[in-house]
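First chain A sits with chain B, and in the next complex the same chain sits with chain C.
Right after this comes the complex of A and B.
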């Protein structure tokens, strides 16, 4: 056996496992979206599931998931950037970082319930607002068509994750480079946009993409704290497959989610190459 | 005389460690002052406090009559050149040089003109679009100088800017820095631990030790008239002798030292005082004269331009320098003269 085949054989348990299941699952999903492997009816080629994708409900769900992904990834990014830059060199840095990482250890569903409880009619937020006479009666933070709590929970949950990625990048900027910027007349804001942000841009992009992928495909938070309408795409997939028994449409939604994420990762790779250049 | 920078009783502490202790210094407009000292003596702390990167624990810093305590670095009108150059790695040479101009709100035309001027000044015209990592160490150093000069600062600070360059390049860039500073007459504070660099570039040298100023003076004063044995040894090499007793003979004053009786031209001479003599002032194998001593050669080191000879005189080691072509070897008995004019009384070590 030559060296090339030996190397491939050694790689098989790791890479082979990933590639096999990815290929099988993706292939199966694509086939299902075209009417094959139908669990609940007759199988056969059809474009019906893809035509259904362009319904109002599906487009609303797509938009909702895109919004949740975008707001969560950029919202947590802004807060994480501000915090990382502010605590760089601070005496209490270690304590702040430890506290900031707590949400990572709390499961999404538990975190979601905790925050819902805080903002509920009888939650602590309404209690404080009323005690301070800032509102007359309890405020409905969980209104039927609002995604505010979803954004809040996702930002809270993803901030520490982004911190783990971004903070080392910000810390790695040499102090003398920042000093040189200040010395030449840059205030903190210009220092951030002229030096810190460009030097951490590639790390920032990966932090945004990873959080976007997670929140774009989220099921748990949008199911507990999300609006009645629209559903997130994952929630809609679940609903279509189990409640409407339409596994083909569910597969078409899944394929389109993978397509959105693939497009995003491709855009990231392109931008990354431009930055490196 | 007007002062550009006035430092009064500056104290800077890091926990229990006092890095700068009650330091006071006046720097005249356009003057080139070098803070010289070994690692950890507090010279960089003083420089960073002038720049505003560190806040003084006690004392005041004035630029002219303006108190600078509490003024942030970006509002001080000070440019600093860092030991590591600190060029912005993501910006081109041009964008590095015009950074300060943009921060100060200069127009595009002024930026373009200034960048061309500064790059020409440091002999880097045409390299506008290069990134710092595409330049050699010497070129990066020049970009850093152009960037610092572009904003025409009131004060220019240098933090050991030549320490990463090789010896030859260091000498060239050192002369360029001096020429540019002379041309624009910008008040300059330069930090180095290299005494040769300090002596060759400065109008005034401030020698520091343990967070305090030990001596301030022109390079010549510092070299020829060190105040104590620390400076005598730190700036070049010196023979330091203790005065056991003092006596007069035929109207001349003599010091009894471990190498013998030495004529000294100083009315302040007292027993217990210290004397310093530079090795290059000793005359080996003289033809008569005063202050002549003998000894056995204990060691010879070839230094290129000369030979350094260590002479054992009654158990005291004296360093002398002789021409590189002089035949001299260990074990030889030689004589040497100490010219009266070369004997310096260490003023801070008077009893």
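Right after this comes the complex of A and C.
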């Protein structure tokens, strides 16, 4: 047998599976967004769904999802850097790091409940606040129009993941480089922005982009802990399809989400190549 | 001069102790207390209750655990989850094996691009994939079936399995393979005696990861399996909706993460190398 064919045959199962389902799923999505394969009415080419994409509700959801992605990824990043330095100089480094891996393996739904459980009316946070007489009655953290808990849950869930991939990069910066910087009179902030940050930039980008993508498309957390309005994009897409039976519009939302993520990944690849150079 | 150096050292040591102490405290507040608190809520005695002014519940009982197992679908959910996760792990491994071999050991033009390409299912929004895969499976008559959910889970787990196994194949030294060929081992023998034993650690790592992520997967199980095939995560989601009862949600949450902890413990024990880091580090 030809060597080329043999290689292709080996690649086929895994790559073929992914290509096949990706093509079918994405193809179906795009076709539906233009009015084909309509389940509820007549099928045929139309730009109707794309036109109805430009609504107040959708814009709000888009902004909400972008905000959740940004706050979660950069919020986690700040904590990750601070914690990495704290761990670097402390005892029990290994134990602390392995305990911090736990949230990575906690499903988003459970993470969501763990935090809600701490912050609702009968939660321990309200208990402490009341016991210290800081508040009169229990505070409603799980307010209907606040996204605070969503950010908190996402940072709790994603910071450990960033720590896992960023800490080795930070640890590998040699102490004498930092000492040299300090001897030359650089303050802590300057040391960070001129030595630590540039040296870990490539890893930092991966950490940010992966968390952003995960939280941007989130359904479970914003459905259980999020505000009543706006929905996250995934939730709006789900709601449009199953509660309003408008699969065309839902498909248009899905295609837009994929487009945003594709743009981000391309930007990431471009930046990464620039850094390597 | 000498004594000032000593004080400096002492100050540094003190700073380290304070730092360690505060990190441990943050750890306790952010990791241990949420879990402890959930465990306590799942054990609250319904007759006594638990409310403000008592830091701990006054009486503990297994009432809610027994209730969940007698009157709800959690037992069925657990069983479904384990069946789906077992099939997913086995099939994902079989589908990924040849591809990982090719990516790890054969010369392919554009290999790096291909390695990035196989990661695509991981980055696309899970709910979008679940919904439109669900539609296709509906046309094929596979909606609401075990096969449908497993097809979806294989799709989501292939990237990780392929990447980890490819790293395992790559790290087998070429001379071991050549020596065995020189000694007259045929293809089947080489596969059985060299390749398979040497990728076992990689398979363990990726397999356990696949098993766990299938067990806790929500989007696909929710869209494709619900309501005929409940799993713990879809039951948990339902219980966090309008009928939010804290004690029951606590039990469901713990049911979802206890298997995780057991499997994770196995990973830490069995595997010396940090495979998760190794596979993700090469993104």
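Everything below uses one rule, namely that the second predicted complex is superposed on the first by the 273 of 277 C-alpha atoms of A that agree within 3 Å, B and C clash if a C-alpha of one lies under 4 Å from a C-alpha of the other, contacts with A are read in each partner's own complex, and residues count from 1 in each chain.
As a working rule, a residue touches a chain if its C-beta (ideal position, glycine included) is under 8 Å from a C-beta of that chain, and two chains touch if they have at least 3 such contacts.
Remember, it's a predicted structure, so these values are computed and weren't measured experimentally.
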### Query
What is the contact status of A:195 with respect to chain B (first) and chain C (second): first, second, both, or neither?
first
### Partner chain in contact with A:220 - chain B first, chain C second, else both or neither
second
### Message
Contact-wise, after the overlay, does A:5 reach chain B, chain C, both or neither (first, second, both, neither)?
### Response
neither
### Task
Classify the contacts of A:179 with the two partner chains as first (chain B alone), second (chain C alone), both, or neither.
first
### Query
After lining up the shared chain so the two structures overlap, which partner does A:29 touch, if you call chain B first and chain C second: first, second, both or neither?
second
### Query
So, A:187: does it touch chain B (first), chain C (second), both, or neither?
first
### Task
On the superposed three-chain arrangement, identify whether chain B or chain C touches more chain A residues.
C
### Task
Figure out whether A:118 sits in contact with chain B (first) or chain C (second), or with both, or with neither.
second
### Message
On the A-aligned overlay, A:54 touches which partner chain: chain B = first, chain C = second, or both, or neither?
### Response
neither
## Note on the structure
Listed in rising order, chain A residues that touch chain C in their complex are 7, 9-15, 17-18, 21-22, 24-25, 28-29, 32, 83, 86-87, 89-92, 96, 98-100, 102-103, 105-110, 112-115, 117-118, 120, 122-124, 126-127, 130, 138, 156, 164-165, 168, 206, 213, 216-217, 219-220, 223-224, 233-235, 237-238, 241, 247, 250-251, 254, 257-258, 261, 265
### Task
Would you tell me which residues of chain C are touching chain A in their complex?
15-17, 19-20, 22-24, 26-27, 30-31, 33-35, 37-38, 41, 50-52, 55, 94-103, 106-108, 114, 117-118, 120-121, 123-129, 131-133, 135-136, 154-155, 158-159, 162, 212, 216, 218-219, 233, 236-237, 240, 246, 249-250, 253, 256-257, 260-261, 264, 268, 276-277, 280-281, 283
### Task
Quick one: which bits of chain A touch chain B in the complex? Just the residue numbers, please.
174, 176-177, 179-187, 190, 194-195, 198-199
### Task
In the complex, go through chain B and note every residue touching chain A.
51-53, 72-74, 78-80, 82-84, 86-90, 99-100, 103-104, 147, 151
